[in-house]
Amino acid sequence: MRKRVIAALLTAALTAGVLTGCGEPKKRVNEDGESVITIWSPSDEPAIEEWWVEKIEAFNQAHEGTIELRREAIVRADSYAYEDKVNAAITSNDLPDILYVDGPNVSIYAANEVTLPLDDFFSEEEWSDFFDSSKQQNTYNGHIYAVGATESSVALYYNKDLLDAAGIDVPDSKEDAWTWSEYYDAAKKLTRDGVVGTNIIMDKGEGLSYVLGQFWISNGTDFVNQEGSSAEGYLNSQEGVEAAEFLNSLIRDGYANIDPIQKEFHNGKAATMLGGSWEVATLEKDYPDLNWGVTYFPVADENGILTSPTGDWAASVTKNVQDMDAVKEVMRFLFSEENVTTYAQAISKPPTRVSSYDVLTEYNEYPRSVFKEQLMETGHPRPRTPSYSVLTAEFAEAMLNIFTGVDPKEALDAAAAAMDKDYNKYYAKD
Amino acid sequence: MKKSINKISERRAAYIFILPAVVLLAAFLIYPSLQTVRYAFTDYNIMRPDRIVFCGLNNFTELLKDEDFWIAVKNTLYFTVLVVPFQTVLALALALLISSRRKGVSIFRAAYFSPQVTSMVVVAILWTVMYNSSPDSGLLNALLVKLGLEPCGFLNDPKTAMNSIIFMSAWQGAGYQMMIFLAGLQGISREQYEAASIDGAGKIQSFFYVTLPGLKSVIQYVVMITVIQAMKLFTQPYVMTKGGPQNSTRTLVYYIYEQGFQKRNFGYACAVAAVFFVIVISLSLGMKKIIKAE
Amino acid sequence: MTKRKTFEKFAFYFGNTLIALIFVSPLIWMISSSLKPESEIFKGLNSLSTFFPKGASLSNYIEVFQRINMWKFIGNSLFYVLVIIVLDLLVNSICGYALAKFEFRGKNLLLTLVISLMVFPAEAIMLPMYREMADLGWINSWASLIVPFVAKCFSIYMFRQFFLGIPDELLEAASIDGCGPVRTFFRVVMPISGTVYATIFILDFVAHWNDFMWPLLVVTGEEKRTIQLAIQTFFGSKPINYGPIMASLTISAIPMLIMFIFLQKYYVEGIASTGIKG
């Protein structure tokens, strides 16, 4: 009993210590005097976990006596969990040296000076080997703040048997990509016998901005202005409202489900699907009986701009870094031609370096070639704004409201106003 | 008792007994809560812990004008008022169903408790199937259509979304309160029932004259914690509806999380939390008064 | 008479079975899905066959154990959850007992405080608490997983409610036998309160076993990774495969079920025989 009382008193004393402040940040050096560089990245598939172990070992061997590289796999869950963890580390200045972040969040961290510019990490010639789509996503205010090894894209998957039965042909070049009307008509014809015409990623979260945002771009507008400071007149522009109305027509008329059950397309319950590049591997591996194909992302009816989603996780360097030269060394290693290639191969995603495609020849063949072509020629990143987290949450909410009967203009006005309010509160004065 | 035990030794024992809990509560509940209240008067953005500026009552004046906040207050109260009686009665019914000493009772007990040990991920997947708005994939809608009724939007209709969550929450949470009722039922001695049955009381009478009075303090406790848990509703809207559609399932705690973490508006979220504290504390004090007055 | 008894028995089992099925179906679906190949899991969800795997296979379980160090994470979770519970049962029961049976200055204030503090949602105080952990240097330590959760207003209040029901005569008898208040509690009160302790044990275990958000914030790396964090690794990158998820969720449910069944006997025995009224 008495012991416990003492323990409790100790706790109280410790707590009192809290109130009086804390010490200097710890020196990031190990016992052997090597600079310790820590990486946080999402925990991943076994192939990628192995890749990390192998590469870190190689790096540490080559830099014995100078640098020790460590990686901590952070549970990602939905992407919010990972961000909550980063948010917490920001409050206590506990960030690792290198932090992996999801593409659209690069601007948020950059604008808040949580991460640092990396322009001089690679020479101009080296940078030119990276995809524009990836560099665009990772650029804020004219500087590059993150480097990614892989990309993603979304295209229209279709069930060949169902399309044949309905007598529908699909376009085989991106210039002939279905217009919204063609897409709608196809979905209409294909909806029957308990099968819906299409599936438009309704995850009520980030998937909506990632995929549906392209409908704004295709119709000649975007979510925000060039500077990323305002959504007013973009998200809720006439073109934007048209995009929302089109998407709503698919749901309202019953050609797509507002709440699709997982793997609706895979199980033959949806005839088409706006699906990510990552689905190719799943369909090949787990659904060998499904007779499927992929075609290009649909485009707006009149003078529609060819477009497709892009963006993936990328590595950035945080403000808590102590040994910048060592970090540069690590980053140049991680994103070398060879390592981008092997990483992309391990994770089966399209690489960001043009030269990697000389090795990964499967991307020259259908169906993967569709994604590569989109990435190189029609890809548009998600909006770059420090208020992205507000924007994307508001957009998802607005779409859900529109799909349940709210006037599109009204819903988008509210979302645009919320985003602008956040920008004006925190960033307009910077 | 008071006469026989030395008063001083009782008091000393009391302080020793409460000390560990009090110290820990002070360090890990009261202290961070006070911090939360302090941040409510700042413009703390989660990304900028080194640029926190005191902003007076700004957050609170903004709150008063914030429609979403008031909707969240309304939703939270609505949920609480409906789910508490529903879930308490359900829990008591389940507890009574299995309070007998028949063989196999432990299996049923485990079954009723099982939604508590089933992951929310699984629960959410299955209930979205149950509630799916298309009669082709939604179980309940398939049933409605078979009965010749109109299909219902459930989670995708602002009119029914909250009710759907209430129903699901009661189903999932009742096992928890059932355990507490079971513990309470053990406290009613068999002699009391025997005495009642000798007096000619049937099952129903002995429920009203023995069981209910015997459970009085347990019922108070259960109602109290159900109210508190209901006020804190977060997981179900987070996993199943993201507060929508049309704000219909946005609760206060969901709003705190959404503003503070997702939108990184931490100072503002703390202001919501501070108001939330005030609402619920006055509610629980009110409940304590009512209980005392009886 | 016997006819009526038989009917009652039938009604009891029939009714309970029916209701039990409604409650237990998600659990069954989870187990059944964990035995299916990926492509079967979401097929025919609206038919009964979804509850029965065709040609069950353990391959999802094999994958789970190959991919992550499941035993270690189960061990980690068991360790910190059990430590919390043991401390919780002790710290909160003595506090609840003091509130129920002792007279002391500040008693009413403390009771009011306990009731009010129950309402503080974790989501609202998580960040300040994290900062506190960082200042204490507790990030990535067992202390940060355990110490903040030992004192719990729910438990204090529940203990108090139940100790209120213990008749004063019983305590008086103990004190006549020469027991001081501390000894009375440990020798007389604790042994007859198994049901309450078991109840809080169960509720605590389930709550902390399922903890996700807090361990995520304070634990980095595999050393102290908890089972819930480990399960979330399967949600990491797209495409999400539900087979291993269902398998790991099933594995995670097993300790809870074992614990539940193990503690059942405290419910069967009850405390009715000890002469305590509710």
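In this document, chain identifiers A, B and C correspond to the written order of the chains, with residue numbering beginning at 1 in each.
What we mean here is this: a residue touches a chain if its C-beta (ideal position, glycine included) is under 8 Å from a C-beta of that chain, and two chains touch if they have at least 3 such contacts.
Please read all numbers here as calculations on a predicted model, not as lab measurements.
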Topology of the chain contact graph, where touching chains are joined (line, ring, star, complete, other): complete
Comparison of B-C and A-B (more C-beta pairs in contact): B-C
Centre-to-centre distance between chain B and chain A (centres being mean Cα positions), rounded to whole Å: 36
Chain centre separation (chain B, chain C; CA means) in Å: 16
Per-residue multi-chain contacts in chain B, two or more chains: 16, 20, 23-24, 27, 31, 46, 129, 137, 261
Contacts with two or more other chains, residues of chain A listed in rising order: 1, 4, 11, 14-15, 18, 84, 87, 91-92, 261-262
Multi-chain contact sites of chain C, meaning residues that touch two or more partners: 45, 91, 127, 131-132, 147, 182
Of chain B, residues touching chain A in the complex: 16, 19-20, 23-24, 26-27, 31, 43, 45-49, 125, 128-129, 132-134, 136-137, 153, 155-158, 241-246, 258, 261-265
Chain B partner contacts - residues on chain C that touch it in the complex: 9, 12-13, 15-17, 19-27, 29-30, 45-46, 91-92, 94-95, 97-99, 102-105, 107, 110, 112-121, 123-125, 127-129, 131-132, 147-151, 153-154, 156-158, 161-162, 164-165, 168, 171-172, 175-176, 180-182, 185, 195-196, 198-199, 202-203, 206, 210, 231, 245-246, 249, 252-253, 256-257, 260-261, 264, 267-268, 270-272, 275-278
Touching residues on chain C, where the partner in the complex is chain A: 37-39, 41-43, 45, 66-67, 90-91, 127, 130-132, 134-137, 139, 147, 182, 212-213, 216-217, 220-222, 229-230, 232-233, 235-239, 241-242
Residues of chain B defined as touching chain C within the complex: 1-2, 4-5, 7, 9-11, 13-18, 20-25, 27-33, 35-36, 39, 46, 94, 97-98, 100-102, 104, 106-119, 121-123, 126, 129, 137-139, 142, 171, 175-176, 179-180, 182-190, 192, 214-218, 220-221, 224-225, 228, 231-232, 234, 253, 256-257, 260-261, 266, 269-270, 273, 276-277, 280-281, 284-285, 288
Chain A to chain B touching residues, read off their complex: 1, 4-5, 7-9, 11-12, 14-15, 18, 80, 83-84, 87, 90-93, 108-109, 112, 114, 194, 196, 204-205, 254, 257-259, 261-262, 269, 389-390, 393, 396-397, 400-401, 403-406, 422, 425-426
